[in-house]
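There are two complexes below, and they share subunit A, which is joined by subunit B in the first and by subunit C in the second.
Coming up: the complex of A and B.
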């Protein structure tokens, strides 16, 4: 089997809460891989660490201490490079019982070093689209100008004329009507959906190896959301672009992903093929995934006007992380046989079926890493 | 049958957009009809869902029926009394009966007040209860919204999203309202918390006999909580009827598209189609924003309407003299389309 295009290994990205004088363990030991040509969907609630995982991969975490350990390998042009290479020279992490007690990080030094590592990677190898497209576009410059700039910088279409034609080509690819007219539009005259299309055109025009789509449909109207999802599905078939998709919307994740990772409290709690993890008849499943699926009103719930199966309690804040399973406090499937484990020991991510991993003591197979 | 608590007739709300110094000084400017002739009613203890895309006027309706903004024309009757033109002083006693839950979780939560004081303020704004009564009511409110006592000492910034929402609801309940306009009450919350809040709102309705105007873009939730649903497009109601009929037997093409866009995202079968190359039927016209600068010619949905295209662009759809009006198609189901 090929090596993944992007491999994240044991990534930890922490922030510091001055008010609580404690670390916010946003990403707390995440490992995942995105194979060439596939879409990996990360789903989770706010604070689960899904966006910070993506930002770490793009070298865009600016608050301290930020990334404190792990590696992020990116395959490009046949060679592999670790985007966190040399991190250990800048960050000294003091741990006690597996908990981080202190981090001494030369943030300025690391940032400078990280920028050299990311040069030629971000924007070129890894392109991103964000939740709020309007804020990611330059309001003072036309859509066309911004596209041309990207194209001339990152591709072989160096000539002004050539790049212009290429820009129009990309506007067509993202189904923007009358691309030649839109070329001279400023972002403010365009609708949210149109801005998102322009943003997607800009990201893809650099011909990146990896596209990171961070909540690409959030904040758009329902009908616009579905057209953007349609567009992403079509571009996926047409270009075969490898995508890391982040969304809190399970239906978007389900529609676009080949494999998914469910995140909770800074860790991956379940990962596997989308069809398997989200299949209604799936038998092995993390209680959190099951509860997430159950809290969306089903046709049956609506018909009977019954209550929604809510997950009790609050989303875990990653400051006071419990010793045992992070979902234990809200879990409705704890049995007496496993309670001791759930309360005291964090379960490892274990394989319950080929390629399907679950972090839960319910599954004996998961008990053995 | 329970009685009508709110009746809205031909409600209009225009906003005036002023551009530049001249129009600012002369007071002239473009008129944007955010709500353009809307009629509906709410029966006691019932929920009417209001759906539509952003900018269609949902929130403006909510604010106008509560008289948080003044209507440009039309009639709003609350509990048998015409409140359209009541003065602020006359409205004051009615304010407690009609409340709003805002989309913004922080709305109404003074960041410098503890939860206890926020609730106390709400309890004393219309009445002068004794200290013992206040304490009793605070306890009751906490119980109603399932919030722990320990949260009373917290400032809003120390609460999670779900807790803020609960305090916001408790604050609204403090004045014992009968009608609540819930404007996107769950959209700022995480999925697992959304379900808690939906359950809570339904419980409260059952126990307190509340009436809801439920504004949301979350179609499954609207279908779940509402008896009736009104679908809005560009300032008008284009279809209204029983929730299950709107969701499963829509008569207006726009309603069909709204619910289909939901199914599109969820349905994996559809996605397999998309992977195999999009069939022609899925090619939709580009969804732009409505341009208020262009006059409305006939049906305002025509520029985006698949039925209009299928029928070979009938002239009646774009005839300025025949904008489709709501008409009854049976079972209290009304629809504004020439071909429904």
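Coming up: the complex of A and C.
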């Protein structure tokens, strides 16, 4: 098997909350790999750390005295580069029992070094699309100008006219009607869906190796959401772009992903091929994934007119992370046999089937990673 | 694209100019009414030491149009003003308009110079604070700016006069008449320095620019700019810099003019402020009217500039 295009290894991104005088462990030891050409979907509730994982990969986290550690390897032009390389020199982390107690950080040095590492990567190798596309586009500039800027920065279409033609080409590819007219439109004169199309055109126009789509359908009307998902699916088959897709909407993930990572409380609790993880008759499944699936309407629930299940309890507070399983407090499948483990020991991510890993004490295989 | 922006700008310009004309009319009426109602008689200045009942005095009154009704006087002034004749100064007998132009240049130099100085100091501090958060350096600089802005401008002026002129003998006291000397521009810098530092504009400018710029830097579209590897300043410039700077400049012009009156007194600067001061003491009505109009026009010009920049830059403004 090839090396993955993007390999995240034991990523930790902590923020310091001055009000609470504690570290918020947004991402707490995440390992992921995105293979060339595939779409990896990260799904989870708000606050599960999925967006912060994506932002960390793009070097867009500006944490004050926070921690970002681990490795993020990007394969580009046959060479491998760690996007967090050398950053540890700018921060001294004091730990106690595996918990971060204090961080001394040379913030400016850190930021400058991070910018150096990301130069030539952001926009060019890794392009991003965001939620709320209308506010994510510059309201003071036309769609066309913003596309032309990206194209001239990252591709060989350097001339003004060349770049303009290229921009119009991309506006066509994202199925914006009359792209020559839209070229001179400002974002405020366009609908949210149209803005997201322009956003996608802008991201792809740099011809990146990896596209990070951070909640691309959030903030759009429900009907527009499905057209954007359709567009992403079409572009995926047309361009074969490697995508890291982040969404709390499991149906969006289901439509677009080849593989899935389910995140909870800053960790990956289940990962595997989309078909296996979401298969209705899956034999091994993390209780959180099961709960997520039960909370979306399916043809079955609609037919039987049964109620959707909400997941009991609150999203994990990542400041006071429990010693045992992070989902223990909300889990409805704890058996007496494993209760001791659930409460006191964090389960490892164990392989239950080839390529399918679950972080749960229910599966004995999980005990032996 | 370029042409699309011209239409809304010219529309705004036309509207603002119309508003300015109305406003100036209003200002002239109000100032005239206040002068009419206020105690004091310009004749006293002219007839110092003479009996007000003398033949000369009556002739004077006749010549100045005093026997007319107040609206008759205003109409006479207004009619002449429309032809570009602002009348003659009662004190000096010189025509008001050329005199205003002569001293206006000094005041313009003083206010625009001090505005430029304020920008020169405020912009780096505000931009640094917005980009890097509160570091020791920029916090100290901001604090110093707040202290200086809280200092009364006349007091600061006298301190500068005392230290640099009396103690070190660096500049001649009468800076305005120093214009004919060598290195005259150097002497000009002292009042500009005083007004620029202590007029109270500095701290406001830092605060406004820092707040606006840090707000804009936290916007989603700046994150997009960073994500696509584009220079952040290119995207933050319009909303985060150009608009707030023109806003604060236009808002602060009246304060600068007020400060100029004081600074001109302190430094014997032959500008409009001193002329206004003198004219107010002499009840020199034509001069006061002229100065009021010029000052109002200057303030409006600042607003106009701000509106034009805002409309030219902001695509949403042109759709209102």
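In this section, the second predicted complex is superposed on the first by the 355 of 369 C-alpha atoms of A that agree within 3 Å, B and C clash if a C-alpha of one lies under 4 Å from a C-alpha of the other, contacts with A are read in each partner's own complex, and residues count from 1 in each chain.
Quick note on the criterion: contacts are C-beta pairs under 8 Å (C-beta built on N, C-alpha and C of every residue); 3 or more make two chains touch, one makes a residue touch a chain.
Every value quoted in this text rests on a predicted model; they were computed, and no experiment measured them.
Colleague: Clash or fit: subunit B against subunit C, after overlaying the two structures on subunit A?
Modeller: These partners fit in the superposed model.
Colleague: A:202 in the overlay: touching subunit B, subunit C, both, or neither? Say first, second, both or neither.
Modeller: second
Colleague: Name the contact category of A:227: first (subunit B only), second (subunit C only), both, or neither.
Modeller: So A:227 only meets subunit B here.
Colleague: Using the superposition on chain A described above, determine whether A:140 touches subunit B (first), subunit C (second), both, or neither.
Modeller: second
Colleague: Examine A:3 and indicate which partner it touches, taking first as subunit B and second as subunit C; both and neither are also allowed.
Modeller: neither
Colleague: Counting only touches as set out at the top, which of subunit B and subunit C does A:149 meet: first, second, both, neither?
Modeller: second
Colleague: Comparing subunit B against subunit C, which has contacts with more of the residues in subunit A?
Modeller: Between subunit B and subunit C, the winner on subunit A residue contacts is B.
Colleague: Which partner chains sit in contact with A:296 here, subunit B, subunit C, both or neither? Use first/second/both/neither.
Modeller: first
Colleague: Tell me, in angstrom, the smallest C-alpha to C-alpha distance between subunit B and subunit C in the overlaid model?
Modeller: Minimum C-alpha separation, subunit B to subunit C: 5 Å.
Colleague: Subunit A touches which residues of subunit C in the complex?
Modeller: 1, 4, 132, 219-221, 223-230, 234-235, 238-239, 313-316, 319
Colleague: Going by the contact rule at the top, pick out the subunit A residues touching subunit C in the complex.
Modeller: By the definition above, subunit A touches subunit C via 58, 60, 108, 118-124, 127-128, 130, 132, 135-142, 149-150, 153-154, 184, 186, 188-189, 199, 202-203, 206.
Colleague: Subunit A touches which residues of subunit B in the complex?
Modeller: On the subunit B side, the touching residues are 53-54, 160-163, 190-196, 198-199, 202, 217, 219-221, 223-224, 244, 247, 257-258, 260-262, 264-268, 270-271, 274-275, 277-278, 282, 284, 286-289.
Colleague: Any idea which subunit A residues touch subunit B in the complex?
Modeller: 45-46, 175-177, 191, 193-194, 221-227, 229-230, 233-234, 236-237, 248-252, 254-256, 275, 291-292, 295-297, 301-303, 305, 307-312, 314-315, 317, 330
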